[in-house]
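First subunit A sits with subunit B, and in the next complex the same chain sits with subunit C.
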Partner chain A sequence: MTVVVRTIARVLLPLSLVFGGYVVMHGHLTPGGGFQGGAVAASGLAMVVVAFGADRLAKKKGLLSVLESLGGVAFAALGFLGLGLTFFANVLAKTGGLFGNPVPYGPNPGDLNTAGTLPLMNWAVGFKVLAGLGAVVLLFALFGGEHDR
Partner chain B sequence: MTIWAAMLTATLVMVVLTSVLAVVLRDLLAAALTLGAQGLLLALAFYLLQAPDVAIAQAGVGAALTTAIFLLAIWKTRRKEEE
Partner chain C sequence: MSVHAPILVIAIPLLGGFAVPILARIHRTVRDLWVVLIACVVAAGVGYVAAQVFSQGIWVYVLGAKTPQETRVSAGFPIRIMLTVDAMSAFMGLIAGILALAAFPFAVRFIPEEEGKTLALALGLLLLAGIAGMAYTGDLFNFFVFLEVTSIAACGLIGFRTWTSRAPEAAFKTMLLYSVSGLLFLLGIAFLYGEYGALNLAYISAQLRGSMVDRIALALFLSGLLMKVAAAPVHFWAPDAYGEAPAAKTLLLVVNTQVSLYGLWRILFTLYGGKLDAGVGWLVISMGLLTMAVAALMAIGQTDLGRLVAYGAVSQIGYMLLGVGVGLVSLTSRADYGLVAMKGGIFHMLNDALTVGLLFLCVGAVEWVKGTRDLRELGGLGHQLPAVALCFLLASLALAGIPPLNGFASKIMIYEGSFRLSPILTALAVLASILLLAVFARAFQGVFLGPRTEITGRIHWVFLFSMGVLAVGIMVLGLVPGFFVEQVVAPAAEALWRGRALYLAAILGG
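== the complex of A and B ==
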């Protein structure tokens, strides 16, 4: 692509990744969550693939595959964590530890340190969606090229 | 007519216009970009209808990712539609 597109992609990639991380991190307080944040971050990845071509990103295929598998495994593991009660029981909520604060009543700006395992599941889904959608675009761009396998 | 209704009407009219343009245009690159604009306007319509959750997903998937996939597909084939 032209130098204009490349420069804009270089500037906007960290911005979109940070905004995707923000949407994932605040998934239990504000609109959005794992899928939405992962899709926003993956759109930045797709922008880089379109702007710079897929050949110099071809080596990252393995990394994306590992990241997607890790996201799925982490989501399932967090589900099995509550198996003492039921599957997907929220064992971390209201324990005072990690994400363990009780939810405040009334109008409030929102406490990020609440909701138990839900933020961790949001991160797992976010990484899975980021890696999955990024791998779709990257493999589609590599199709028919010299790195196609 | 409130400002909200006027904005929603204008957005939906532009959604229909961009959809028709995406079908009518012979230049496939222009059609793909028009379809991306349609996705973004649809995200704005979802936001105006107070569904910001859907709006973020639509802006990420409908506007950005499908446009990228269409652009890559046009690169790998040809740009002009044939009879």
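== the complex of A and C ==
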């Protein structure tokens, strides 16, 4: 690809990753969440694949695979965390610790430190979707064949 | 932990499936042992759940609540995701457990490392998780989610041999059919959600008025699920899919089809219980007859052993539809023969899982030693593989319903019940069985009899273990069917037949 595309991809990649992270982070407060944020971040990866070519990223396939598995394992493990009560029970909410503040009532700007295990699950899903979609785009680009380009 | 058993049966294979690619990086043996361990844990789990449900009644498990029994919020309305395991769900879970026990050890040996064994095992565990979820859930939307989980995992397994030309085609066909069926099902849920504002199966069932919208939703559910169980006009994906997936994983595809069939029973008997037109029962019966006839006729011309067995598997779906359809027709009159036919249809689900499972394992073993499944090239394998030949013969006879094997035990109940409704139904069903016997006799003769030929591989003892599990099941169920019908099948059939009130009471209170 041309210099223009490469330069813009360099500028936009961190932006899209940060914005994806923002959407995941605020999943329990604003529209969006793990899947949407992960997809936004994966669009940044897709941009890199288009700008720099898939071959330079081919070695990252293993990393993406591990990241995807970790996301899945983390999500299921967070479900197991609730087994003291029931599966998926939100044991971290309202405990005062990590994401443990009580949800404020009335009009307010939103407290990020609430909702217990939900934000953690959003992160797990976010990483899984980022890795999964990223791997799909990368594989399409790697095995697409000459006539598809 | 035992109080969490229903969810653990779903969650453990989910976690196990996601962990497989990580464990594969540590060591391949660790991964293989892990997969077999997970399959054993799931089998033990469904066994425990079934024992509890058969002795103590419906087991409700509420996800995310303070206690697993907290079915309603203070407004008196079920909103959480619930697992509702009644005798029929537990029975379905048992089928999945038995086949998982046979399929995973076989798969660990059968799938070559260079063909991406890690991913196949991971997808297999995810498919198992989806199947267990479909069997145990008591929530319509949750059912749809697990339906999609199984669809995606199944398509991944079907298109697994990407370097062949037929596997991707089969996967594409299946994916198209599965997506359409999933979307039809989702649209049905959307209709009911719009009307009643709830997704809990028991709650909607209690509210259901039988309005026009409900009928449209029923039509959508029926068409979606009949596609997924490979009933006759839309059966064409199944032979491709069963034939192309790695043999050990085809067992899970068979269970996947059956659990969709279970979903159909759940919709017809529990969700729409008492509000169905009599015509729906006749629709199910006619689909059943069409399926068994079309599949048995199609099996005659097959030259690929995998596809031939797959058509046999599809035709058996017809018997289940026939048996339970007779029950559905006679549901309003509460005629005894309806219950007999239903017991037969439900018993046949278990028998079919065992016989078709064993046939596919035999196909896998033949492919393993000869590298081909083409009937025109095979022959004389009985000299080198006497055990496989015996298993194939046993399963073929059971599939065709020859006494004293298990296929006979369930088919005789279907014949008995359907004969009282209309002898024509029975005559057609017997005719299809005879056709299948002829087809499988020819296949057995072509593959295992004749002059000795060269083989390139050796059968591993794990293959024989997996086959043995299923073969013993076939013989035990055939020789003493009475015990299993009394203890396991009858409660499952009763749960559909009269159990709707209990199912609703378990969630909504007395």
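Everything below uses one rule, namely that the second predicted complex is superposed on the first by the 143 of 149 C-alpha atoms of A that agree within 3 Å, B and C clash if a C-alpha of one lies under 4 Å from a C-alpha of the other, contacts with A are read in each partner's own complex, and residues count from 1 in each chain.
Basically, contacts are C-beta pairs under 8 Å (C-beta built on N, C-alpha and C of every residue); 3 or more make two chains touch, one makes a residue touch a chain.
Computed from a predicted structure; not experimentally measured.
S.K.: Given the touch rule stated above, what does A:50 touch, subunit B (first), subunit C (second), both, or neither?
M.R.: After superposition on chain A, A:50 lies in contact with subunit B alone.
S.K.: After the superposition on A, what does A:88 contact: first (subunit B), second (subunit C), both or neither?
M.R.: second
S.K.: With the two structures laid over each other on chain A, which partner does A:69 touch: subunit B (first), subunit C (second), both, or neither?
M.R.: second
S.K.: Answer with first, second, both or neither: which of subunit B and subunit C does A:42 touch in the superposed model?
M.R.: A:42 contacts subunit B only, not subunit C.
S.K.: On the A-aligned overlay, A:80 touches which partner chain: subunit B = first, subunit C = second, or both, or neither?
M.R.: After superposition on chain A, A:80 lies in contact with subunit C alone.
S.K.: Under the stated touch criterion, which partner chain does A:133 make contact with: subunit B (first), subunit C (second), both, or neither?
M.R.: A:133: touches subunit B, not subunit C.
S.K.: Using the touch rule from the top, collect the residues of subunit A that touch subunit C in their complex.
M.R.: The touching residues are 65-66, 68-70, 72-73, 75-77, 79-80, 82-83, 85-90.
S.K.: In their complex, what parts of subunit C are in touch with subunit A?
M.R.: 1, 4, 7-8, 11, 14-15, 17-22, 25, 61-68, 81
S.K.: In the complex, go through subunit B and note every residue touching subunit A.
M.R.: 52-53, 55-57, 59-61, 63-65, 68-69, 71-73, 76
S.K.: Which residues of subunit A touch subunit B once you look at their complex with the stated criterion?
M.R.: Contact set of subunit A toward subunit B: 23, 31-33, 35-36, 39-40, 42-43, 46-47, 49-50, 133, 136-137, 140-141, 143-144.
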